[in-house]
Amino acid sequence: MNLDFPILFAQTALLLLLAPLLSGLIKNWKAKLQNRRGPRVWQPYFDLLKFLRKDMVLSEHSSWIFSVTPYVLFLTALAAGLLLPLVTAQAPLGLFGGVLALVGLLALGRFFLALSGLDPASAFGGMGSSREMTISAVAEPAMMLAIFTVAIAAGSTNLSQIVLASQGPGWKFFDPSRALAFTAMFIVLMAETGRIPVDNPATHLELTMIHEAMLLEYSGRYLALIEWGVAIKQLVLMALLANIFFPIGLAPETTPATFALGLLFLAAKLLVLAGAVVLVETSNAKLRLFRVPDLLSAAFILAMLALVSTFLFS
Amino acid sequence: MNPPTAETASNLITLLASFMLVLQLLMAVQSMLVSNIRLFALQSLLLAGIAAVVGYAYSAWHVYLVALLTFVGKVVFLPWLLERLVRQLKIEQEIRPFVNVPGSMLLCGALTVLAYVVAHPVTSLERLGSNTLAVALALLLTGFFLMINRRKAITQVLALLTMENGVMLAAIALTSYGMPLVVEIGIFFDLVTAVMVLGILVYRIRESFDSMDTSKLNQLKG
Amino acid sequence: MSDLEAWAHIVTSVQPATLLGASLCGYGLGAVGGLFFMLREKLATAFSFGAATLSALSGLLAGLLMLGGGAGSPAPQLELLPALIPSLRFTVRLDALSALFLLVVSLLGAAISIYSLGYAKGFFGRKNAGLLGAFYNALLLATTLTFVADNIWMFLFAWELMALTAYCLVSFEHEKPETRQAGVLFFIMSHIDAGCLILGFLLLFQASGDYSFASLHGVGAAMSPGKRDAAFVLFLLGFGIKCGVVPLHIWLPVAHPVAPSNVSALMSGVLIKTGIYGLTRVCFDFLGAPPLWWGVTILAAGTISAVLGVLYALMEHDLKRLLAYHSIENIGIILMGLGAALIFLHTGHPLLAALGLIAGMYHTINHACFKGLLFLGAGAVLHATHTRNMEEMGGLAKRMPQTACYFLLGAVAISALPPLNGFVSEWLTYQTLLQGFGTTDSLWRLAFPWSGAMLALTGALAAACFVKAFGITFLAQPRSPAAGAAHEAAPSMRAGMAVLAAACVLLGLFPALFIRLFDPLTQQLSGVQLSSQLSLNHGLVLGLPAEKAGSVSTLGLVLTGVCLLPIPLALRLVFGRKARTRRGPTWACGQPGLTPQMEYTATGFSKPIRMIFKALFRPRRDVQREYDFSPYFATNIRFQSHIEEVFVERLYRPLRITILRGSRRIRALQAGSIHAYLLYIFVALLLLLLFAL
Amino acid sequence: MPLLALMILVPAAAGLACLLVRSRRLLPALGVLAFSATLGLGIALVRQVLALGVVTAWNGFLFADALSAWMVLVISAVSLASSIYAVGYFRRDLADGTVTERRFREFYVLTPLFGASMFLVVLANNLGVIWFAVEATALSSVLLVALYNRRTSLEAAWKYIILGSLGLALALMGTVFVYAAACKNNTQSLPSFNWTYLMGVAGQLDPRLLKLAFVFALIGYGTKAGLAPMHTWLPDAHSEAPAPTSAMLSGVSLKIALYALLRFSILTTACLGTPYSQHLLLGFGLLSMCVATPFILVQTNMKRLFAYHSLEHIGIICVGLGLSVPLALFGAVLHIGYHALVKSTIFFAAGNIHQRCHTLQLPKLAGLLKTMPASSILLALAVIGIAGLPPFGIFLTEFGIVAGGMGAGRVLVSVLFMAALVTVFSGLLSHVAHLLLGAPTQEALGPRTPLSCVAAMALLIALLAVLSLWLPAPLLELLRRAAALIGGSP
């Protein structure tokens, strides 16, 4: 197999560096929208550095799972990112797996995170992992169905193929099935990245927190890895959404120029998407846990409709 | 043998057979036990008579023997045995059937008709008399009905014996010579043993139930 | 030198048939030996399970040789016993399909037998281990026979024998009433399925006029459509009961847990696969070109079983029951592949049919491995804690680390997470379903992505379920003294688990290698061979026949992970040089002393799911408060929550009650009155006289 | 002295001898001796039959073809086992005074006579003789049923004798009709009433008369054979009789009546050339199976349970005979043997349980595997056998029957057949599992089970096990011929 190593390294670096920026950006914009000054856009980098330097306290009840998880989470997120056409149409490791593998890798990370939520024997962790797994379980079918609509249209689960297929002249955004699928995916995105209305990344209130509850016992280096991994995961998901639905500007062949262009397009798309996320987060209130399934089942229905409409219009 | 004898023999047999049926119906209505037994004896006598007639008409010695056996067994021995039982066990005379007299008459009539219907296609095969087969079947069916209709063990035995009469009548009527001797004797002895065994059981039941009402024998269920 | 040649000659001249015969004899010997040495437990255990191990290995070899021989290699045949009735012969035959399942049963059999060498010691002095060994061997024998039977008679003979021996093992610890009831339920259900199968097979026999499977090949073409469909339905019922398809599954979660754990592993891993085997054999080999609705039915049944199976599993806090429910789920997934394959046969896409078959069969093997592994792990836990109730476990990862590792591997595999084998076969299933959309224009094609989505739901729920299963069982603090005093399992038990764990990893990392084994199978059943098209880049990547339709390489992903590992390590070296790590108490809202009671329970963990799907579960809860002056200051609270098993409550129990009530009514016929009896005879006579002449 | 005559005279003589013998020791020995002798004779007879085809004696009064020979073997085997079993059984009964010395002698006088009359049934050539032999079996066994002289046993005996002799009266009517048919077309003064002769002239007999005859025979002998709805005496008699007698009643005497009925059916078929009688057999067989089912599902008494089970198996055999395709016939004939072996074993076990626990109420009994292992294991094996599970032969026979049915295109029949089997199995299983498994609910009251009682069971089970997997060639040949005979090819 022939790996394009420059692209590989470039994309790895990009994922590592862009991810904190994106979450910082979202935090900042949210604050702005709520008439607060908010943290600097670069704040996440400083946080990460700080965490990396600090001492660690491990729970006395925790087992080796607890120590393995940060690495697993970080690496799976990163690897998932490499399966994705981020800047170039041809994903660096596209051969190693398509969208199914990507979802699988993220799921693996989540699996371990949930385990280490249970590991330190505290009630919060368990609550967190229980809710996390529940929500992801309900989100999964909607996400898959939405992905299937594009995958079927492209006749492949390989992300590069999907992108290339939709880069063709026949591609139009206002294909109803795509619009529906996009909406579904967006809802799933909000759930998967733990954002309002599903989860509130800012809260540490026992009864409302989901994702944060699993991290309560983490500190220092491990916390850094996890935060970073989660940020990468968010980047990957947003980029996925952006690229498979708006495959504009992805470099078909890799020259520095096209790469730079692709980078610009990517930045633009991510900014727009982040804006959308911020808007939704600020304009909504967090839902009760047992209302979340309604939202996600709505997403599922949308995806189903998307499928039906492909069936009707093709 | 000369035709007129055969003619008369046939008529005679028909007559006797129909009398047997009449006696059967009488039994159905008769409510006294002992007289029931006597009626049975009389019926058996008619049967023996038929056998004798056949024996005479065809000068078949072994049918005489059948007549003799029937006479000794069913006319003399069994009635005696049964009456002795009745006396010893002080079985009350009154028979209280399930179906009342008119009802049982009606049913017996219906059964007789059925017997005729069933026998009709094969009447052509009769050697002796006319409709004797039908009569035999009628005896069988009505006997069966009596058996269902009677409460007391001993009356059921009696009904059984009348059925046996029916069978023997059929045997004679259909076959003109009765069954082979060995079979006849076998049947005869079986009958006697059966009644004796029944007698033994009746004794034992009487001992442990102090009642002869078989409708009380209903502990074994399900 | 000459010796070497002789040996070489022997080795080269070994035939699958010989090995198969050897393994069958071995099982028989093991069974007899187990009974023979019954009074000397150690010897009996060693002998019977040793024999089982060897026989399983030889069976494994036979299967490998057969499948390695490639497509079209002649199927060897054996005559086991002289036949009482000439037409009903005891013959076995090893064609590709049989060989595949022989592979499954032997692989699992070997591992479990090794495990049992240690596990059976737990029965010493309590139950007769020799008897266990004997039944165990008999079960393996019967199962193997079922897979290799060559004619209807032999198949049914083995099938019933299997049910019988399985019953003996399920009710092995018959002192507990629940065990007895479980055994009875199991045996009744399996007898019902035997009844369906007998009728179904005899319907085929009507058309073929011969019992041998060879003559039944494609016999469906010679049958009237009505009879063909009837046969299909009968087979679906019969085999469906055996492999626990919802709603015929009720016996499975009851019977599997109460058996000794090694037997549970065997039952969940292999026994229910006899149903899959039969269904494949019948639908792809005998019944001929399938109508559309067969495939759709199986696909639907699979989807429903998968989702409901995992949902019910989530509600369990009995570890073995949980695993048993997961068997239902995985059977569902297997059936999805097979159903899709049937549909493709109907629409005339043999290539895709082969893909579906491979997906189903690969998942069959995988499920055998990881489910066996998980049950063995559960057995080890049971052995250590003497309870099946997860609420009394916890903290075992520290006390039995190796078992925990193996169990975790199994959990990851069964949750279909990369890079293990569960992921690979589910990937194949996804691909099959996605490809299916394009095969037809009828509305039916929506069924494919729909069931794909359901598969996704299943996968996610399975992950949730095994976070719970592993987390509650092995992590945090022990919830009971027994769990606190737990100890690592015996070496042989660990060895048995290690074998299966290794299998899971290998099957996960090198799928393209193993997919070669399916060539003879797909050749036999759908007439094409696929492995060459499925393996890209020298078998490092698993790809699809269609151009660029998608590819995955679990090995590649693992390597990627390994290559990326330096990044976090480097981060640590660069920034965290001065960082210290110390152990401290878990934060408990500032309260001192974190007790196990504060931990999340299994029931609590699955509460959200229970609430979301309450329409299905109809959860009931009763809370009893004891308080002194106000309910808000309760001194003691008892909380109970139950869920309703819909099919048992709404379908089976009413049915049973009606039947028994009816029977009691009918008993009135025998009321003891001799006159009534005479009347019956009289009526019978009259009726005959009136109508029968 | 010809073989056939010995066959009947030996047990009869033994019975009479028991009447005279004083010592209590000698009686069991005599019983065992007599029946082992008949078994030997039976084997010799099989050899002769295989050699000659048909063996006759006393210028045609007695005769034996393959079917009779097979029945002889079955009768001898079961009777031998039950006489062995009786040794220990009655020793215990005498010990705790359940039976008096007098009844004890009664048993030993009547049982050989019972056997002798059964032998006469299967060896007699003359239909009339067959009839009174059957009646003789009824008469000789009724007092055995009443042996314990409990109220219930008297009741059972009474029902048995009344219904039995009623049925036999009807059967006699049937016999008479056949005889009449025979008279019609013969010229000599006294027609032969021999089976062999009748089969010879079957073609010329009057069909209407034979139909009538068969109807009566069916109801009559059917009553004795316990076909539904004439079976009502069966559960009572079989459950009230002492265990050895129950074994013989359930094991063989039902099949003896069936044998007589079978002769009629063969004759009728030969005469009519239509499957008239077979259809009737089929119908009554299915009816019996269906009727037995609910009673088995909700039974509370062990012996009654298995009595109803016999009803079901008579049904199975009748279905097999009624289907009258080679496979089914072979299955049915073989089934007669297997069922005889297993059912007797089960009744022996019931006897042991009753003497040990002093009850047969299923709800009261549990965990017998602990209290009386030997009998329980043998019982378990027997139940596995009777439930039609491999490796035991009944699986083969039942499969043969249903396969024959399907092969003959009788789908509905096969479906009903399977349904009944499955339902009965579920009932049986739940009862037996409760009976054997689990923890014993009550202490054993009675004495330990003596050797002979276990030995008899073990003997039968061993025999069953061997014959399930391997039938000796001559036996196989015999069975084939018997099946062919029923199938209509002489």
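The chains carry the letters A, B, C and D, assigned in the order they are written, with residues numbered from 1 in each.
Quick note on the criterion: contacts are C-beta pairs under 8 Å (C-beta built on N, C-alpha and C of every residue); 3 or more make two chains touch, one makes a residue touch a chain.
Fair warning: this is a prediction, and the values are worked out from it, not measured in the lab.
Asker: Which sets of chains still touch one another once chain C is disregarded?
Answerer: Once chain C is set aside, the chains that still touch form these groups: A | B, D.
Asker: Which contact partners do chain A and chain B have in common?
Answerer: Under the touch definition, chain A and chain B have C as mutual neighbours.
Asker: So which chain is farthest from chain C, going by the mean of the CA atoms in each chain?
Answerer: Most remote chain from chain C, centroid-wise, comes out as B.
Asker: More contacting C-beta pairs: A-C or C-D?
Answerer: More C-beta contacts join the chains of A-C.
Asker: Rounded to a whole Å, what is the gap between the Cα centroids of chain C and chain D?
Answerer: 45
Asker: Any idea how many Å lie between the Cα centroids of chain A and chain C?
Answerer: 35
Asker: Could you tell me the distance, in whole angstrom, between the mean C-alpha positions of chain B and chain C?
Answerer: 71
Asker: How many angstrom between the C-alpha centroids of chain D and chain A?
Answerer: 79
Asker: Using the touch rule from the top of the page, what residues of chain D touch 2 or more other chains?
Answerer: Residues 155, 158-159, 162, 166, 170, 208, 212, 235, 295, 298 of chain D touch two or more partner chains.
Asker: Among all residues of chain C, which ones touch two or more of the remaining chains?
Answerer: Within chain C, residues 667, 670, 672, 674, 678, 685, 689, 693 contact more than one other chain.
Asker: Provide the list of chain A residues touching at least two other chains, using ranges where the numbers run on.
Answerer: Touching at least two other chains: none.
Asker: Let me know each pair of chains that touch one another.
Answerer: Touching chain pairs, listed by label, are A-C, B-C, B-D, C-D.
Asker: Would you tell me which residues of chain A are touching chain C in their complex?
Answerer: Where chain A meets chain C, its residues are 1, 12, 16, 49, 52-65, 70-71, 74-76, 78-79, 82, 93, 95-98, 100-101, 104-105, 107-108, 110-111, 114-115, 117-123, 125-127, 129-131, 133-134, 136-145, 148-149, 151-152, 155-158, 161, 216-217, 220-221, 224-225, 289-290, 293, 300, 303-304, 307-308, 311.
Asker: Which positions of chain B touch chain D when the two form their complex?
Answerer: 60, 118, 121-122, 125, 127, 140, 144, 147, 153, 156, 160, 163-164, 166-167, 170-171, 174-177, 179-180, 182-183, 186-187, 189-190, 193-194, 197-198, 200-201, 204-205, 208-209, 214, 217-220, 222
Asker: With touch defined as at the start, can you tell me which chain C residues reach chain B in the complex?
Answerer: The touching residues are 667, 670-675, 678-679, 682, 685-686, 689-690, 693.
Asker: Write out the stretch or stretches of chain C touching chain A in their complex.
Answerer: Touch list, chain C to chain A: 394-395, 397-398, 401, 404, 408, 412, 415-418, 423, 427, 430-431, 434, 437-438, 443, 445-446, 449-450, 452-457, 459-461, 463-464, 466-468, 470-472, 474-477, 536-537, 540-541, 546, 548-553, 556-557, 560-561, 564-565, 567-568, 571-572, 575-576, 578-588, 594, 596, 598-600, 604-609, 611-612.
Asker: What part of chain B is in contact with chain C in the complex they form?
Answerer: For chain B paired with chain C, touching residues are 98, 114, 118, 144-145, 147-148, 151, 214-215, 217-222.
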